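Two complexes follow with subunit A in common, the first pairing it with subunit B and the second with subunit C.
Then we have the complex of A and B:
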């Protein structure tokens, strides 16, 4: 997961959210079909288990996948 | 990434997951029984499977068991859904989950009009964490405050448990360091620790008074150094029980569901070389194998103790080993190291045949389906062969280090059962008698002669006070001769037995010259007094005593009793289940007339039967059974 594209693939393949990559990068999460709030928790766990420490409280407030990727990148 | 998970993703991408749902257990289990998809990946699998449409699966595979599970709790409970979906899928079951409102467990469980109760769940999980107690104490708090709050919590749960309609699954509350070490003196900490455990002990004891409650002890799961929760997710999202812990919890729940659905595995089939003893018999000779005396040998001894412990609770043991039969017999009878002896095994296959063929034979010999067997072997290729040739057998992947054998064997609760009965404890002995019966069968001419030689006796009557746990177990475990698939809990059976004027409940205990079979059959009925009809709702007979004409004898005795009691007819029905097709012709074979209305939904496959009691079926002459006394009251009025 070294790019926005990689993050979006993770969301599509492991969370099962059908995404348009990269078209949905800036879409509001709530507008993504099949998105539910638990996905934020799943993503925090997935990223950290894959060795990407994340600022949890900020990630939980993120509104788009692009924003999330920026937060993860900042931590690195 | 693993093959299994990749295949799941492919199936999902192609929209084939529902159609191929029967493939899922194998995809998750892997080729050799080592967790192909474990931990994190199993959760991902659950996430993918959670999107499966149950109706579409059922359209392709009508027999798929769908389990409605309601989830509520004192913390964020949504994260349990993925692992639970995956764990149930491992067993071929399909989860239909209903999640309560965040933190609203008390309302969820007490509001009769709430969404949770409305879903009529078969299983309700109430996930509890320390927050349920600490949210109710003031700041600053003392151990006494915690005691009071914990006491209130358990009181509430006890009240709910007393009349919850389905199975209610609770758990012990983990006490984390972030709470204990808010107290700085050791005396207070010790007091907190003691009163906390008292509360957990009260929770665990709820199962004694509430038969539908199961309490999962989280301590053994946390003992494997699994964190209770991630403090950040606990703080920001109330995820007070973490992903790893929930994964372990979900595994326990799936085995509980399986056991209550009558799918407890019954037989542990073991390899010998480097499984039960150190060494290879064919190469090292009898003196060269060891199960004590050395560091490694002692590890095998420890493993044998665990196997013996399981056997004492009704798990049948069998051997499936590539060895010469005579050499194996010599070791099993004479080797000084062995704790497990020839008599401990209900079946022994020591030969050079493929192990999958041996397994099918063992299952057949013991009257079990392959999906009642678990096979433990340290050689991946042998396990792979069994996976291929007998895919319904569960595999235990033992490794090279025998010190890890026990952990591997117990990682899955294959033999978990709702309650242990006297029948379980006596099972091994009964199967030994069975071996002698087979010898009689082999030594006599016709099957009739064999049956006559058995001298079977049946005692048919109302259940005795101590028999209810076994009776419930019989209904839950019996698949082949379970004429409608009905399964009953102990409390339901007690309620039927307490109402003999309207309900008929009979237990059948059987014995023959080789020993006592115990309680092996049951009949449940309902009187329709105005029509003078006894409706036989179901019959169960343990597969162990099938094909001895015991079922015919019981039904003949019941029909005779019904006629003597002045009834006009006995009605019955057969409802197909995945396993009872062989019992389809049972009622007609006993003289019942098929009265299935022609417009019945043919998909359900139900058949209805009626016997007018004019010509009773003959009692099989090699079975002795006395007609039971019916205790209905209707016809005696006036």
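Then we have the complex of A and C:
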């Protein structure tokens, strides 16, 4: 998971959120079908498993997947 | 002077009531609110979607939410957004005896919704999959949340991001499998409901407050399981026949029963007394 595209694939394939890649990169998370706060927690775990630990309270600041990816990059 | 948790209302929260905008269960909702000070209603998204108004009628119903609605690009997200606001406004309109179109939904700094100009009633909204849920209270504050009772949470490793150390011990003591997972779903919905009631959302870290087991009075607990709040908060969890786990958190500000929440007749008694006093002085 070394790119925004990779993060979006993780969300689509592992969380089952039907994403348009890359079209939904900047979409508000609330505008993504099937997205909810539990998916955010599952994404935290997936990021950990992929070697990119990000605390939940940091990821809560993100309004889009693009912003999430920026947070992941900042913590490398 | 009110004392939190000192309300002489009856049994606090009853089973959520199934409703549709033009259904016949609204009297039950009004009775529930009058008798207990709180009511929870639920509806199926698939039942409401065909009833959604279109064009200008939808714009009128949504009011200031229209702009947000137009910003949503996915049709199913838009429909859910509109249907949830329609349910909330019909629920509030039913208990306030007002026209849903005339009610204005507003949001506080943390996104917490409220009915502008109608502070005799507090509201909360939740939706998941095909379920729409609205909580109403005249006691003080309310938060509601719903989740599919069998959503995979425990085996997905979510417990350590949601639970206090004490809760993790309690969960580990439950039979593995469905029961333990449902225990975690219950805790999740309780925490979501409580954090919605206090207007914090997940910014209030879920691992720093907890709840004890069901079947006894449920209170907020500190991470080590010691009491965190008192009788001013009450919590209930229900599992609907449709398979959803629903939790509600109600803060009792001690206002006591509100027999007449209607928007057209409700007057603040202190205000009435002040006006009467002023009129009496004029007469003298």
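Structural remarks
One rule holds for everything that comes next: the second predicted complex is superposed on the first by the 75 of 76 C-alpha atoms of A that agree within 3 Å, B and C clash if a C-alpha of one lies under 4 Å from a C-alpha of the other, contacts with A are read in each partner's own complex, and residues count from 1 in each chain.
As a working rule, contacts are C-beta pairs under 8 Å (C-beta built on N, C-alpha and C of every residue); 3 or more make two chains touch, one makes a residue touch a chain.
As the structure is a prediction and not an experimental result, all values here were calculated from the model.
Partners subunit B and subunit C clash in the overlay (superposition on subunit A). By the touch criterion stated above, A:73 is placed in contact with neither subunit B nor subunit C. In the superposition on chain A, A:13 contacts subunit B only, with no contact to subunit C.
Touch criterion met: A:27 reaches subunit C, while subunit B stays clear of it. Within the superposed three-chain model, A:44 lies in touch with subunit B and with subunit C [touch as defined at top].
Residue contacts after overlaying the shared chain place A:5 against neither subunit B nor subunit C. Counting contacts as defined above, subunit A residues 37-38, 40-42, 44-45, 56-57, 60 meet subunit B in one complex and subunit C in the other.
Across the interface of their complex, subunit C is touched by residues 27-28, 30-33, 36-38, 40-42, 44-45, 56-57, 60 of subunit A.
Within the complex, the subunit B residues that touch subunit A are 9, 12, 40, 44, 47-48, 50-51, 76, 78-79, 81-82, 230, 232-233, 236-237, 239, 243. In the complex of the two chains, the subunit A residues touching subunit B come out as 13-16, 34, 37-38, 40-42, 44-46, 49, 56-57, 60.
Across the interface of their complex, subunit A is touched by residues 71-74, 76-77, 128, 147, 151, 153, 156-158, 161-162, 188, 192, 201-203, 205 of subunit C.
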